[in-house]
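Per-chain numbering from 1; labels A, B, C and D assigned in written order.
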Amino acid sequence: MAAKRKYVRSDELRAAIADLVDANHIIADQGVVDGFGHVSMRHPTNPLRYLLSKNVAPEQVSAADIMEFDLDSVPIDARGRSPYLERFIHGAIYKARPDVNSVINAHSPWVLSFAANKIPLRPMHNKAAFLAGGTPIFDIRDHFGATNMLVTTPEQAEALARALGGSAVLLYRGHGHVAVGPSLRVAVFRAYYAEFNARLQARSMALGGPITFVEGEEAVLADETMQRVDTRPWDLWKAKVKAKSKGTSSGRARR
Amino acid sequence: MAAKRKYVRSDELRAAIADLVDANHIIADQGVVDGFGHVSMRHPTNPLRYLLSKNVAPEQVSAADIMEFDLDSVPIDARGRSPYLERFIHGAIYKARPDVNSVINAHSPWVLSFAANKIPLRPMHNKAAFLAGGTPIFDIRDHFGATNMLVTTPEQAEALARALGGSAVLLYRGHGHVAVGPSLRVAVFRAYYAEFNARLQARSMALGGPITFVEGEEAVLADETMQRVDTRPWDLWKAKVKAKSKGTSSGRARR
Amino acid sequence: MAAKRKYVRSDELRAAIADLVDANHIIADQGVVDGFGHVSMRHPTNPLRYLLSKNVAPEQVSAADIMEFDLDSVPIDARGRSPYLERFIHGAIYKARPDVNSVINAHSPWVLSFAANKIPLRPMHNKAAFLAGGTPIFDIRDHFGATNMLVTTPEQAEALARALGGSAVLLYRGHGHVAVGPSLRVAVFRAYYAEFNARLQARSMALGGPITFVEGEEAVLADETMQRVDTRPWDLWKAKVKAKSKGTSSGRARR
Amino acid sequence: MAAKRKYVRSDELRAAIADLVDANHIIADQGVVDGFGHVSMRHPTNPLRYLLSKNVAPEQVSAADIMEFDLDSVPIDARGRSPYLERFIHGAIYKARPDVNSVINAHSPWVLSFAANKIPLRPMHNKAAFLAGGTPIFDIRDHFGATNMLVTTPEQAEALARALGGSAVLLYRGHGHVAVGPSLRVAVFRAYYAEFNARLQARSMALGGPITFVEGEEAVLADETMQRVDTRPWDLWKAKVKAKSKGTSSGRARR
């Protein structure tokens, strides 16, 4: 019966999906991803599931595209929608990291250079203090030899999750970076500021001389503070994508 | 009585607040700040007070968000609005510098690299001549050990104001820069051109060979001239933000 | 008789022309070309002909501008339209490379520096894996002495096609680069990611230290995978240009 | 009598002014100038006069702002409009160079670094071939000691014109660059591609190794060809500014 297949979403789930759609548009608008890349969040009421779009460019994701997966990255109710080839990254990290509730696979250009050169990111400013926990570099070739440079199996995803360890960000050689956080907002914040920091760090390296990084206790305190104000950039970035879809180019509400 | 609490603003104050709102939008539109950062101005009729938005991204500030503070950075009539954590920077500078009527805490990316590398900015062109007065570098760690990298106490703000001395710009390691001026327009001009100059200076350093800076009497004369034409970029930048909020992307009036 | 001159296009040809017009707008919007540069495709039903716009900036191409040429680059039915001076590049490559169904002459800035310095591009990430097949550098001066730096004769175009050999991309000193592909979408993808890769490679070279490129079997596998997902960026880029022409600045459909 | 003061413009003059207004908007839109900078053209029917906007940001110029000057840069009929302080640059060049019919004082950022480092620009690609004629560097300090870094007297302007000699572009230390051409379109083209070339040249210098420039006979031929196709970028750039003022962000006409 058609009625039987009707999918019912709780208010909590609806709100989570709306946030996830916004996050997709934000990371596209802010240059964190291009036509590829993906952002997921743990299911708001079932920690053994996560939410992730079907296989579409983040900028074009809508609520109907959001699929539900178990932690083995098996779709719960695909209804004909094709998932991302790399969804296993998300499931493996949610399994390995109970503290993580959002995962982003980003394709920001500056970070790619650090990954290719095997140079870890180190925080240049307070908003990137989360980088002080380390930015391990994952080279799939070291683990699996010649691949198509995508993480497309549970085994590959587990190796990536092991490389990530307890860090907030992992550099993925020849592909991009992965940012995780306790919430969708913090993960978006980290994906964005990892790229921002890579740009600053590259420029400081070019200027020459010693660089003073944010480090030690200072980094811990700065990160704690920034996590408490994650609403500020989120609200701004969200206003920008909403304004764009209305045909204005400003992130200000019209008052 | 409710009527008693009604807040009456003079025409002069209204005009000042309108300018301050424009300045918030301009510094966001011109990339001087991101979701964080703030701009204040001294109260137009009471030099012992200053005006600063509540805790919101500069791009989203409206007139109703503008709060009044005394020079200890205590809000006069908060009406439930939360102030910026770092408002003390503004109060301390207004106390220490009677010549200053506007303060900006900027987060421009290029300047951050100069701050991290402890390389002073030096003027590359006539519009940045104000940099010839020196760009001291403030590292909060040198004064207060491990902090969350924000200036959140009167003592920290006083240390920053002392470091600023009589300069127009201070580089704030791991955080951003502070630009001050005799007027809101000049402060906005300086915050913008400090970043513009950092970009030029980094590129000139990369090109190699000696760099001819604007210096000495030349810098004094250039700065005097530029302060007299501060209306030109202000009018342009203001037209741009007005046009954006109307859904066009041009700074030209339609005639 | 006027009716006799009416030009009849098959549905298949109409669809191909619509795609080619979109490709023109996409490469302009994505910065692959400026006011100059051109994109062609092999005729969908006659492999001895190709389609290319008349002499106009890619951003301004419309369906009525698309001309048909034989492989000697002679227009079939010009109807007063002036062709590009450099159309011979397209004809010569279609002759030499039966596997190629689309050719782009790009003017992206980063690639120009690699051409001038005679440094080949090498793939920094999975999406640029097609570069692993080599990026020969063509200097017209080596073959023809002083020219106006345009390929404007069949002989010059044949020399360029010989230099291209079996590669996907050729760097054209002092002018730009040429990207080819088995389809219009793949050629657009390659023209775009060649520039993206040049930027990454330049930055990695500046960071110092050894760079891990995508290479060998890994590059072959990555390229095969990326060619299968060429619809994703195409759909996104196309949505962006459609949205722009409607006055919004977002690539999202309004739903 | 009021009627007597009515200013009558010939059709030819009207067309020239319309072009000049477009040129102002184009150079702002393309980043050749910021809030400052200016573009002039020789009067279409009186070679002893030139046309230049009143003192306003180029992006905001309209037809009513265009003033007429004699070659001593004295306004013919100011009607209360304030001229640019630096108008003398224009008059001095028109006097010294009968072949020049348009002058642009640009403020593009990359060129400023070459001026400060006293490194001449050399053409990296066919569209910048006009640079092969030399890019002399003018340092006002060498001639006049400490100034406000503006060319504000006939003497200073004559020194600049002498430094320019027969070249198409002059680098003006600490200020910007000057581009001249036989027509408004060619001057705009040159101002734009001088900046584009500076960016390429800086990147090539950073990549290391010898750079192959466009030079000798090749540069002469390339420049001749490019001058014949100056309509193409002009039409595109003009369409972009027209589209912006209508609230779309595309340079395509809607068809």
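Quick note on the criterion: a residue touches a chain if its C-beta (ideal position, glycine included) is under 8 Å from a C-beta of that chain, and two chains touch if they have at least 3 such contacts.
Keep in mind it's a predicted model, so treat the numbers as computed, not measured.
Q: Would you mind reporting the rotation angle for the C-alpha fit of chain A onto chain C, rounded to the nearest 5 degrees?
A: 90
Q: Where the centre means the average of the CA atoms, what chain is farthest from chain D?
A: Taking each chain's C-alpha mean as its centre, the farthest from chain D is A.
Q: Could you check if the interface between copies chain A and chain B is built from the same residues on both sides, meaning over half shared, or from different ones?
A: Counting shared over all numbers used gives less than one half: different.
Q: How many angstrom between the C-alpha centroids of chain D and chain B?
A: 32
Q: How many Å are there between the centre of chain A and the centre of chain D, using C-alpha atoms for each centre?
A: Chain centres of chain A and chain D, defined by C-alpha means, are spaced 45 Å apart.
Q: Can you pull out the residues of chain B that are in contact with at least two other chains?
A: 206, 246-247, 249
Q: Sort out for me which residues of chain A touch chain C in the complex.
A: Residues of chain A touching chain C: 25, 28-29, 34-36, 55-57, 59-60, 62, 109-110, 112-114, 116-119, 139, 141, 145-150, 173-176, 202, 205-206, 241, 244-247, 249.
Q: Within the complex, which stretch of chain A touches chain B?
A: Its residues touching chain B are 123-127, 129, 196, 199-200, 203-204, 206-214, 216-218, 221-222, 224-225, 229, 232-233, 235-237, 239, 246-255.
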